[in-house]
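First chain A sits with chain B, and in the next complex the same chain sits with chain C.
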Partner chain A sequence: MPREDTINGERLKLSGYEPTDQSDWVTGLHPMDEMLRGERLPHIWCQGCGLGTALTTFISALQWLEKNQKWDLDKVAIVSGIGCTGRVAGYIRLDSFHTTHGRAIPFATGLKLAKPELNVVVFSGDGDIAGIGGNHFIHAARRNIDINVICVNNFNYGMTGGQVGPTTPHGARAVTTQYGNFEYPFNLPYLAAAGGASFMARWTVLHARRLEWTLRQAMAHRGFSFVEIIAPCSTSYARWNPEGQGLDPQKLRRRGLEVMKHYQKVGKIAHHTHPKDATITVDGNGLITEIIEGVFIDDPKPDFQAAIEQMAHSAKEKWIAAKKTLDERLQLPGRTDYVPRTEVQLGGFGGQGIMSAGNIIGQAATIYDKLRASLTQSYGPEARGGAAGSQVVIASDPIHHPHLIEPTSMIIMSQEAYAKYVVNLSAGGILFIDDGLVRLPRNHRQDIETFGISATQIAEDLGNSRAANTVMLGFWTAIGGVVSKPAMIQSLTDSVPPKTIEVNLKSFEAGYRKGLRIKGRQ
Partner chain B sequence: MNEQQGLLIGEHFLMGDYAAAEGAIMAGCRFFAGYPITPATEIAERMSIRLPQVNGIYIQMEDELASMNAALGASWSGVKSMTATSGPGFSLMMENLGLGIMTETPCVLVNVQRGGPSTGLPTLVSQQDMMQARWGSHGDYEIIALSPTSPQELFDLTIRAFNLSEKFRTPVLVMTDAEVGHMTERVAIPPPGEVEIINRPQVRKGDMPPDKYRIYQDLHPDCGFDTVSPMAAAGEGYRFHITGLTHDEHGYPVMNAEANEWNVNRLMSKIRDHRDEIIQLEEHNLDDAEVVVVSYGISARTSLWPIEQARNDGIRVGYLRLITIWPFPEKRIADLARRIRAFVVPEINMGQIIREVERCAAGQAPVFGVNRPGGEILNPEKVEKTIRQAAGQM
Partner chain C sequence: MVPHGIVQIIEERCKGCGFCVEFCPRGVLVISQHTNAKGYHPPEIIESTICADCGLCALLCPDFAIYVERSETSLEKKIEPDTRKKFKS
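Moving on, here comes the complex of A and B:
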């Protein structure tokens, strides 16, 4: 386990911290000082650990990009998760984010999307990226978001003491697989490739120079790029496995060195290997016998930034059109008479426009008649296409209780809805039915008023059976009289697709006239 | 097209979830990351259509862990960000709500509560996550949570949530529910000039020497901010560090008890010290009240009717609605407890906020709950009956 850091608590005196005259930043003792947070050193990593090399290689690559490609390193952000590798973010002088375990990639995704000019690098360990964060990893690869993920793979969970991980070779030992790992590991570049990553590579820290070249390439790559760095964990993994076994635990540096020697023996550079074949092979005892290294895929494919810009363009056009309609909305004076609480139930099956009919009533009541209205909708999981209900409460006074307590008016367009709702209609209430779809049973309630219209038939005759709900609304408006006709007409015009305004208005009118005739007869 | 032209203004018949989205956009939110979940999905749907119209970004992440993180990441790029969810997603977001609190990252999380536990009742109302809102992420912290009663208020409080979040550099929760989220009512949206918008204290490139910048310094003499230190966005040259670990004012990890004390106190006191500013209550008839109904969200609204009934019958009932749920108005409840006969606390859960009322009443006045688990709003008769009981009439 890495050494926990308490020295810094003393050095940076909490809350009373006074900056010194000299800049805290640069100590001038190391060629990479400018890129390191000197005040954070010494780091917590063990002797013989590969993380130092991974970090300095990364810094070299950044410095090269700064020098040769005019990168502004102020625009590079680094995001880490948790674990030994996760501490990288804390030692490098960039905008740096040490997030929660496994979540570096989604954090980086937000950072990059909201500020595309940033170069965002995720630097974390195998447990963090492929274990707890595995889902984020494959989805970022799938999106091909333009971030660079660097994963240091040391085959185990180092910080917590060397437990087995998603990359521990089959048969290898960890503190939790003392009899050998019975699981099989991920091949990370292959996983990235399957997700859709457009760049992937693997190097051991032994191949520092090649690694640096690859990191430059990966960071400059447009789209999701992935680099796996194989590194010794001198304290934990090397303790249990043949590469470093038998060595004095006091000599961690030696252990790290032995592992590096082993990498030299088993590393095999094979660029453009199909990621499926870019394997890490082990013998029966978990001893690594071959590590395929190189850049496996470097296949630039556009990330989605361009698509986002294109989408924004069409979105804005759509908004301009929508806004025009809104600006052209008619202003009606509103009703001045007092409307007592009126509860309307609409019911039918999915696809009849029960929800939108409720919405048209509510909008007419509030926006145009300037009353109050609450619309609630009910559909169970079965309701996608099944039964649909929508409830509107209309009143002059504030509506404290948004649900129906004593429904006074019902618009019913299916037999099922009849069975479900009509029992609740209060005595003396008015029922409106599409009598082509609802057959009244012999024991139909006599304490309510019932009005029928062949709404679906009428709408069909007018050329669009989907306007049956509008026929019902016209019918309801004429007889029920809760919401005014001009308000309903305006609300209807706002709500239906422009191409169907005409047929809907005709349907509304047909229903309304029939309603008036019936009313006249009474 | 400038951004103001993309704002929706005027009167609209809007679903609560849509109103939350419009409130966010009005507040300046330009990033939304989410994952589909009933009954919060309509917020995401609306954002996916509206954000591209105002130069914002909408993204559907792979889960709620990722959604919350992406919102935090976006916030550190200097953009106001939001996510929305319901029960199961709220549980997943708890992990990184903690990261947002610890790293002092502004962002807004809307929870459209449905019945739980577990997958529970996806389409139906509850107020079962109120304590999870307070204590759901591990460790000691203070949180700000608001609770609306209507689509209009969902619009208004989403803006307020952003303002508080920016001002106090902390995630803020809008704890609404399936009833309000799925309810459609009139929402009046004022023109942008008439809406108070608060932006985070921020240092920009060149404002100060980066090596003198402290991301978690309290009072910053150079910048003149008094509640939290100004935030630097990524890419502005400050080369700052943030971590979910206990840290010092540089954002650097420090692993000792003293640092934890400094860190936790800082997170708690920035909210505790501004309680009076954060807490909003709606109060009616408290002066002569013998019984006070303390409620919030949809349950407060549906209590108004039974309260009217009881008052008509001569019972002196007062009404105290918690617009801000967290921090809790401890002092107000304690003061009332000393002079009233009893409290009634209606809520759609088996008794969560009632515990707070009991704690603050500290035995000075009995507290009666009106409870049911999720699925349906409270029955007005039941509330009325409990008011009578509390008044000693039954």
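Moving on, here comes the complex of A and C:
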């Protein structure tokens, strides 16, 4: 109904929408009419089609749940894709959603995640779910999201004229495989089980009563529940295949019924069959000789939402523990003097600890010296051996731009990084190099100060060559002096693995002493 | 006691698929000789006294054209065997 408002006593229709006459929408002729959109009936499904029966059993299951389990049908949403079965969303008088081809499950996933209180049912065909939307199907099953997928399988693309589809049995005829289908079909419950669904069943529409019980069970199930309904396609599939009596003109108007009678013969109820063995067997002519039916798996494993909650719970515990150690961390007085924007470039090859060195500087500055810092990183796709760089900006004021504008000091630990970064160092800047690894070229810049330390050699002598970055940090701290030594030591202790704290502290001290000596000489 | 049902047919909705006639466990229905407005032959009640209100016809009907109402009377437990056969050649 459009919203109506009153201004100065005049009633105004805000939307301008005139509601259509709904008097004939609910005819009340049939007990299920209250669940149907009367204005859209009669439906398009052919004489003898199984889809009507699938819809009847579904409505019957919903009515039972409403009556006996006190379900609120306003909290049930139907999502359909494209195809004959896709029209269910249009015929049922519930909140329903007719989506693009194959995308019924993604829409349903979004619906369920946004409104977890809804009972979302996907009602679509085999082409829509297993063909065009096959990938969505296996991934929804993998997540075990709490939606109910009802897939009506009529073995072909019925609406477009009966082309071969992903479930057409091997050897069966379709309009595009007149000499028999040479492909092998999907076993849909097995596909769902392999994906990780927690409920799967198969029934033919003939077993309407059992199908209704299973639908009740599936809708009440928490997790991804999949029900495959085998339905006759009286016009397309049955025309080409023996169970519909082929092209026999005597049976022309009764093909759906012939297929139903055939289901009565070949249906075999075997609950708890492993989905692998729950096959639809065909003979050489494509005649179905056995359909294994029943509820194959009903597994109460946690669904997607429960898994999210579980993960959130454990993450919260981890965070509380982490926060406790952070709160108990040593507090340093911090720097009170003003530090202007200082930019540091670190460069080397992957594995030298360039990233962690940048991190240690930033942490020392922000947490222990109570300054502000930002860290950006750049590296190639390789984890070890490629070029790596990290950029740290330290200042007392807020940092509005995290990238380097005028780097005033650089820590360079490889020849490649020298070639790449040193050109950017501002005039009068300080360059720190590992002189065991970097050879200064003849045209080395004269407008910068250069200090060298054989960091890798020193770290190796102290027992761990991977502490070379720590030697460089000690060296940089002594000469550069942007971050205080106690802050660096604390930050270093927090960051390196516990076993290597000792060797790292020794390396830092060695670098620091070397730096002080050079500084004293000047 | 067996409940007794009264079958109600909405003829204009019927598409004549024959599911209700074929699968009625007691043989209450047959295909009629007359047609509805669409030209299909709707089912017709031939033996109204034996319907046990199982509701299978209502569940199987794809066109929402048949349903069963519970009668106030009830049936004897046993019915004549082979009523089903009697009306079907």
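Heads up, the rule we're going with is that the second predicted complex is superposed on the first by the 284 of 522 C-alpha atoms of A that agree within 3 Å, B and C clash if a C-alpha of one lies under 4 Å from a C-alpha of the other, contacts with A are read in each partner's own complex, and residues count from 1 in each chain.
By our rule, contacts are C-beta pairs under 8 Å (C-beta built on N, C-alpha and C of every residue); 3 or more make two chains touch, one makes a residue touch a chain.
If you're wondering where the values come from, they're calculated on a predicted model, not measured in any experiment.
In the superposition on chain A, contact of A:Arg93 is made with chain B only, not with chain C. Judged by the touch definition given at the top, the superposed model places A:Ser60 against chain C, while chain B stays out of reach. In the superposition on chain A, A:Leu51 makes contact with chain C only, not with chain B.
In the superposition on chain A, A:His274 makes contact with neither chain B nor chain C.
Once the two complexes are laid over each other on the shared chain, residue contacts for A:Lys301 go to neither chain B nor chain C.
When the two complexes are overlaid on their common chain A, residue A:Arg254 makes contact with chain C while staying clear of chain B. Taking chain A as the reference, the larger set of touched residues comes from B, when chain B and chain C are compared.
Of the two partner chains placed around the shared chain by superposition, chain C is the only one that A:Pro31 touches, whereas chain B remains out of contact. The residues of chain A shared by its contacts with chain B and with chain C come to none at all.
For chain A in complex with chain B, the touching residues are 4-6, 8-9, 12, 14-15, 17, 19, 23-25, 37, 39-40, 74-75, 77, 79, 89-90, 93-100, 102-103, 105-115, 117-118, 135-136, 139, 308, 311-312, 315-316, 318-320, 323, 326, 359, 362-363, 366-367, 372-377, 379-381, 398-403, 405. Residues 1, 5-6, 8, 10-13, 30-31, 33, 49, 52-53, 55, 57, 59, 61-63, 65-67, 69-79, 81, 95-96, 98-99, 122-123, 179, 182-186, 205, 209-212, 214, 218, 232-245, 248-250, 252-256, 258-259, 262, 298, 301-302, 304-305, 308, 377, 380 of chain B touch chain A in their complex.
Within the complex formed with chain A, the chain C residues making contact are 10, 13, 15-19, 22-23, 40, 56, 58-65, 67. Listed in rising order, the residues of chain A touching chain C in the complex are 29-33, 36, 41-43, 45-53, 55-57, 60, 205-206, 208-209, 212, 234, 253-254, 256-257, 260-261.
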